[in-house]
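Below: a set of structures, written as structure tokens.
Consider the two complexes below, in which chain A is the common component and chain B and chain C are the respective partners.
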Partner chain A sequence: MKHLKPVLLIVILSSNIFFTGCSPFVDNNEIEEIAPVTFWSINPGAGGKLEISTLGPPLVKEHKRLLSLKVDLLKQGGKDFNLKYYRELKSGQLRMVLINEELAKKGIMPIINTLLTDPDISQRLYLVIVKGNFDEYIKNQVKSQPNLDYFLYRMLRHYEKKKQGEMSIINLHQFKKLLYSPFSDPILPVFKAQQTNFIYHGTAIFKDDYLKGIAHGVDDQIFQLVNNDYYLKFLPIPKYSVVLGNIRSKVHKKMNENDSKLSIRIDVNGRIEEYRGAKDIQNSIELEKFNKEIETYLEKQTLDLFKNLQQLQADPFKIGTLTLGPISKPMSEKEWLKHWKTLKVNVDYNIKIHPLTSVHE
Partner chain B sequence: MAPFSLFNKTSDINGFYAMLIVNRLQILYFILILPMYLVHPYMILGIVIIGIFSQINLILFSKWFTSNFSGQGYSAFVQLFGERKFRFFVLFGLIPMLLKIIVLTLNYVEAIHQFIFPSMNMLWLVLAILLISFYVSSKGMENTIHFVVIAFLFSFWVILCFIPFFFPPFASLSDLYPLIPTSWSMNSWKSLLFLWSSFSGPEYLICISPWFKRGQTIFKYLTYGNLVSVVEFLISFISSLLFFGSNYLSKTNYPIVTMARYLQSPIIERIDMILLSLHMFHFVFIISFLILSFYGGIRIVFKRVHKQTTRIGFLACCAVIFTSIAVVNQWFWEPGIKDNLWLSLEIWSSSVTFLLVPALLLAAIKLKGRSLE
Partner chain C sequence: MFWKQSDRDKSESHRDKRAVNLQNLKEMLSNMEDAEIIERETNNSEKIIFIYIRTLINQERLNEAIVVPLIQSSYASVCDCITNSKVSILSTLKEAETQLLFGSVLVFNQKQNVWCSVPLKNTTGRSIETSETETILYGAKDSFSEQIETNITLIRRRLPKTELKVEKFTIGTYSETTVMLMYIDGLTNPEFVKIARNELTNINFDLFFDSSQIAAFMEDHHHSIFPQFLQTDRPDVCAYSLVMGKITMLIDNTPFALVAPITFFHLLQSPEDYINRWPVASFLRGLRYISFIISITLIPFYVALTTHHYEMIPLQILYVLVESRSKLPFTPFWEAFLMLIILEIIKEASLRMPTKSSQTLGVIGGIVIGQAAVEAGFASKVLIVLVGISTIAAFLCPNYLLTKANTLIQFIFLIFSSFMGIIGIALGMIGILAHLNGLTSLKQPYFAPVSPFYGRDWLDLFIRGPLIWMKRRPEHLRTLQKWRYRSRR
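Presenting the complex of A and B:
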């Protein structure tokens, strides 16, 4: 009984405040009336506008449709959707942002900043560059695969989690960290959207926030070996009719004293999964030769890739960090870029292949 | 109605509490923003060096605790300074105290406002936190001191959540280079001042010195408290360097909360909300402790030390604190600016009090000792 009075007082006071409309809360999250957005697909529209679209409503047993709008600003899109659609869109569950290649070439800093500063949006948001028309693909597929957005998210997560080296998966925070560091440039995965397919295409190479090029095929594989995951499940080399498998790489990067020459040694360990060539790889001398051939091939490919990067002035391999030391004054970004352009690169592969059959002398 | 007594002493408190209080006072709000003020990797050394300086200051301070004066509270101060002069000092002391309450509450509320309730009026949040603090402090000084255990248990382990950031794939050693300053500017001095003010706080122990057990070596506990703070600052700063990299860190608001946002658990998505809310225990403890000290100070200034504490007086004090926060919030607060005027005022005032209070006390003891001889 002793506490009855104050409790009553508090109840009366607070109900007074709330029922008179002085409620401090204005967010309405009633689940039947909202639609959490799981992805935004952003395309360039006519006249500098953005064309953004998403699939709604996600994960409810209701007919899904593609919602798209032409807007000037990303967040404006969020508002305009609410005016057009009967559910309120909430961005708390945003998991993927797909940016069109053409848009990325013009710089994506404003989009990234908008996403990053919103406390509702997770920093683990996946960023993807799309080649082709993603909206067309979604429109075609949504009838046969209603939960398509969810499957796409699971795919990205699958390849990120154990770092299997099939794809370069980068989330918002990683992208931003690479972007802001003076000694590295960001990368993103590129997917190709066709009428009925959505295919991993390679790694997008950025210079600051501008898309400069795409590493595709063998170049992309080298990306995984030298930088991202240091692992590849399969490395097909059609030129030598061979597929190497379960490849682990160990990369030793070394810069010489006055930062003018870079030597990279890459130790690669793997096994031959498939061979369709004419060589007798059961013979140890032949195998040795074969090994050398693959080494020179990869060395040449890697060197070409490096040359290409130097020309683009992009440094996704974080080579610039090698110039840093615990007691030396760091270079400025400009100085480093000048250096990077003229840097001599020496690549050396050390491949150890385990044949899965017995080898004779 | 039962008599309303806030400053009764029914039992001695252990030196262990001194350790917890010192540590919590030092960590406080600044842990949330510290990394973005330090930015450069060589400030790791700065933390260690300022930690050592703070330790030296604590050695001076512990001399006060071992002197005969510490246990007597008010009468000892009157003996040392004379009544008029002491009241004058207290009047001066009230200003940094009130400033600390205002700046801490508003800054913390701003963080909550940014991350948890962006659409809410900030004054509601201020009111909520203050009401809790008023409740805790109305339980009296002794209970408030005991509350530090809860505050500590609810907040100290948060720093351990950032341990994963010390390992790959987040961490690369190059983010910590260069370890030695290669250029020095005005900003580096500012960072050091900021660090010194983050280590401030132990000087407020003089408000509760009569509660400590007599004849105990409190120095040991002060050292532990300081050491734990150094370690916590180091962990939070190094992990945020590894997480953001120095360049990106300088552009981030509330780096520690942003890092908490990156953590993931299979059950809850917004871990930062939970951690930021847990931090409230810490705040409530500090603010209720400061409110009580403020009320005690007011009583000294108005010559009411020997009278019974009254509800009206305490409530009036609370009202003054709430109004001053509301006024500052309404008219003088510019949200989100890194070189906020109020924050720099707080940095300066707490640095000065931390530097002066131990020195002043020690000088007074020495002078008194000489005049007695």
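Presenting the complex of A and C:
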């Protein structure tokens, strides 16, 4: 009886450790003996294989080189990298997975599931779609920019934070939520890899795990305004020779009673940052007219974007959730997508522009 | 062993019963060079014998207060002639021995056949100085010295009340150390006084030369690394503790008093907390708690992260760590262990070395620990920084004994972290918390007011609340007077 209490305590403590997923068999993770990998670039290889690349060593001030492998499975790549390199490459610091556009079109579910089930890999992992050859870009840049991978990570981290209003940065956890939730489809940022440049291109639109299209240019800006950040630092509209700045939006989405018409009202507040047109924006009547023109332009663009999404049968704006009610029977996802394709959409912009200069009556 | 003890006890009791006479005293004082037996004749031609131990008495006062008045007097009684305030008549040899050894002069009047003792204790010792172990910027600067009477004076001046009781105990079969148990009657929980009395009476050991030894005998948990008595040389701390309902023990020949019952949190409180403005004091107290945690976990965390959890390190820091550790021959555990051992050697040496050599130690320590260790490839730059931070953080703790305990906890956590990483540190923390929860000080819970929970006492726990709000005495001390102020009625 005397020893019952300490024995019970030890049993409870050890059960806590072992049954909560803490393995008693620990890996050798001494940081000087391993090489933590910060990114994987995955491309489609010949014969249905995957081509997986990373930079090694990723962190130490040694001459860096691109390590590439042709594998059947993602994890096989992780294992085979070790055979090519004197330090064990570990995936615990994996921060970015760059997936080639062509591969994404074929579906990325197996890749996402592999990443999700690996306990070493954090869900704070940025997923990026790459247009072009990323490996080529790395090879060209690694000599002039040895810490390229690190700076790329810092860039994604910077724009991930709210109110940066420039890019659709999505991590693995967010992607998982969008992928596995009903009435929603995931999005990812798209970067264009050229010989010496890596440029943000737009937002990749997925239908389930298949890449269906890319919203770029004004479409991508509207995407940021309607769905992602509800904020844009700058919105250049070259057609009207104007740049709007510090734009904040409020989006009101409403479905009519029989779910046949979607009305979207977007209240936008911003200011004119630059204007090179012929209108006299110091005149209030002219400014009002100009305001209307921009509203009409943005309404048309937004409507086009929605029409595209309807055609792609993708619903990244989670419009389907508007059909849900507390007592009505929810539609199945299949039914909704059928419905979504034919849904009438009405977009109404309400823009308030501050001209930054005095306006005459 | 048993028969030897009982034999000694017998001889002691035999001495107790023997009558005091010159023959027995001479026998007792044989081979004691500093014992003096002087015979003088008075003006009345009476023979007077003075017996004393030269090194224990004030010899100037001997002439002024005893020898001259006695020789020149015409009084009938010896006691009447002596100008000293306290004269007592002796009957047994044991009494005579005790008085002699406590600095009294034995005076024998042959005609009257009376032995009396006159206390003339030599009070040579340090004067009242500033505390070196518990330094503060503002507040009283005086501290206890080795003289127990002076120490009592310093407390009495702060608490001029007859309710402040002082009980005397003599412990140590050879050292005969005087211990003064102080408490405020009608305020302090009588249970504490009773426990302290019992503990002091039951102490059976030969020699005590510091209060920590007495604390070791009175402690409820002898093997714990945490001190269960607060050792302080500040009279203001003692006075404050007494008023809060604690007991204080002053020990002769040591400047450190013992205060009990204490909690773990008392060890992280400083007298300056009650002098600073309350938001500042609360901030500083919070800083002390954080520093305590940093001092025990920072290096173990470094080892845990670099050995097991590389994935938890922010990428920017990982970059620096890999760079820093890439050419080291030791694993993170051995690197940290060696550095901490070297640091402890330097810390211990700095305490023992003469003051003039300390500059050399500083230079050697700085160069060896700092630059040379990194350049020679024994330690990484990051670890040097962390060792520096954790060492300085440990010194924020106002209690020196806790600072020393920190070091040991740090080593234990280091071993745990090298085997099990952060889980090891968490287990160590659980162990420390469980241990603290089980400790008692004078049979009172050591982790109060957190466990058991006393909500009101939290006002002076992790923060130091405004004094005007602290109108009640701590609940966990269960004092007889709960309020700190008197009703105006």
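Details
Convention: the second predicted complex is superposed on the first by the 334 of 361 C-alpha atoms of A that agree within 3 Å, B and C clash if a C-alpha of one lies under 4 Å from a C-alpha of the other, contacts with A are read in each partner's own complex, and residues count from 1 in each chain.
Methods note: a residue touches a chain if its C-beta (ideal position, glycine included) is under 8 Å from a C-beta of that chain, and two chains touch if they have at least 3 such contacts.
It should be emphasised that the depicted structure is a prediction, and the values quoted were computed from it without experimental measurement.
Contacts of A:122 after superposition on the shared chain: both chain B and chain C are touched. By the touch criterion stated above, A:150 is placed in contact with chain C alone, chain B being left untouched. Contact with neither chain B nor chain C is seen for A:86 once the two complexes are overlaid on the shared chain. In the superposed model, A:181 makes contact with chain B only, not with chain C.
In the superposed model, A:329 lies in contact with chain B only, and not with chain C.
With both structures placed on the common chain, the touch criterion links A:30 to chain C but leaves chain B unconnected. According to the touch criterion, the shared surface of chain A, contacted by chain B in one complex and chain C in the other, consists of residues 26, 92, 122. Looking at the complex, you find that chain A touches chain C at residues 9, 13, 17, 22, 26, 29-32, 34, 36, 38, 59-61, 90, 92-93, 95, 120, 122, 150, 153.
Contact residues on chain C toward chain A in their complex (touch as defined above): 306-311, 313, 315, 318-319, 321-323, 325-326, 328, 331-332, 420-421, 423, 427, 430, 434.
Of all residues in chain A, only 24-27, 92, 119, 122-124, 163, 173, 176-177, 180-183, 318, 321-322, 324-330 touch chain B in the complex they form. Residues 114-115, 117-121, 124, 169, 172, 174, 176-180, 182-183, 243-245, 247-248, 251, 258, 261-262, 264, 269, 272 of chain B touch chain A in their complex.
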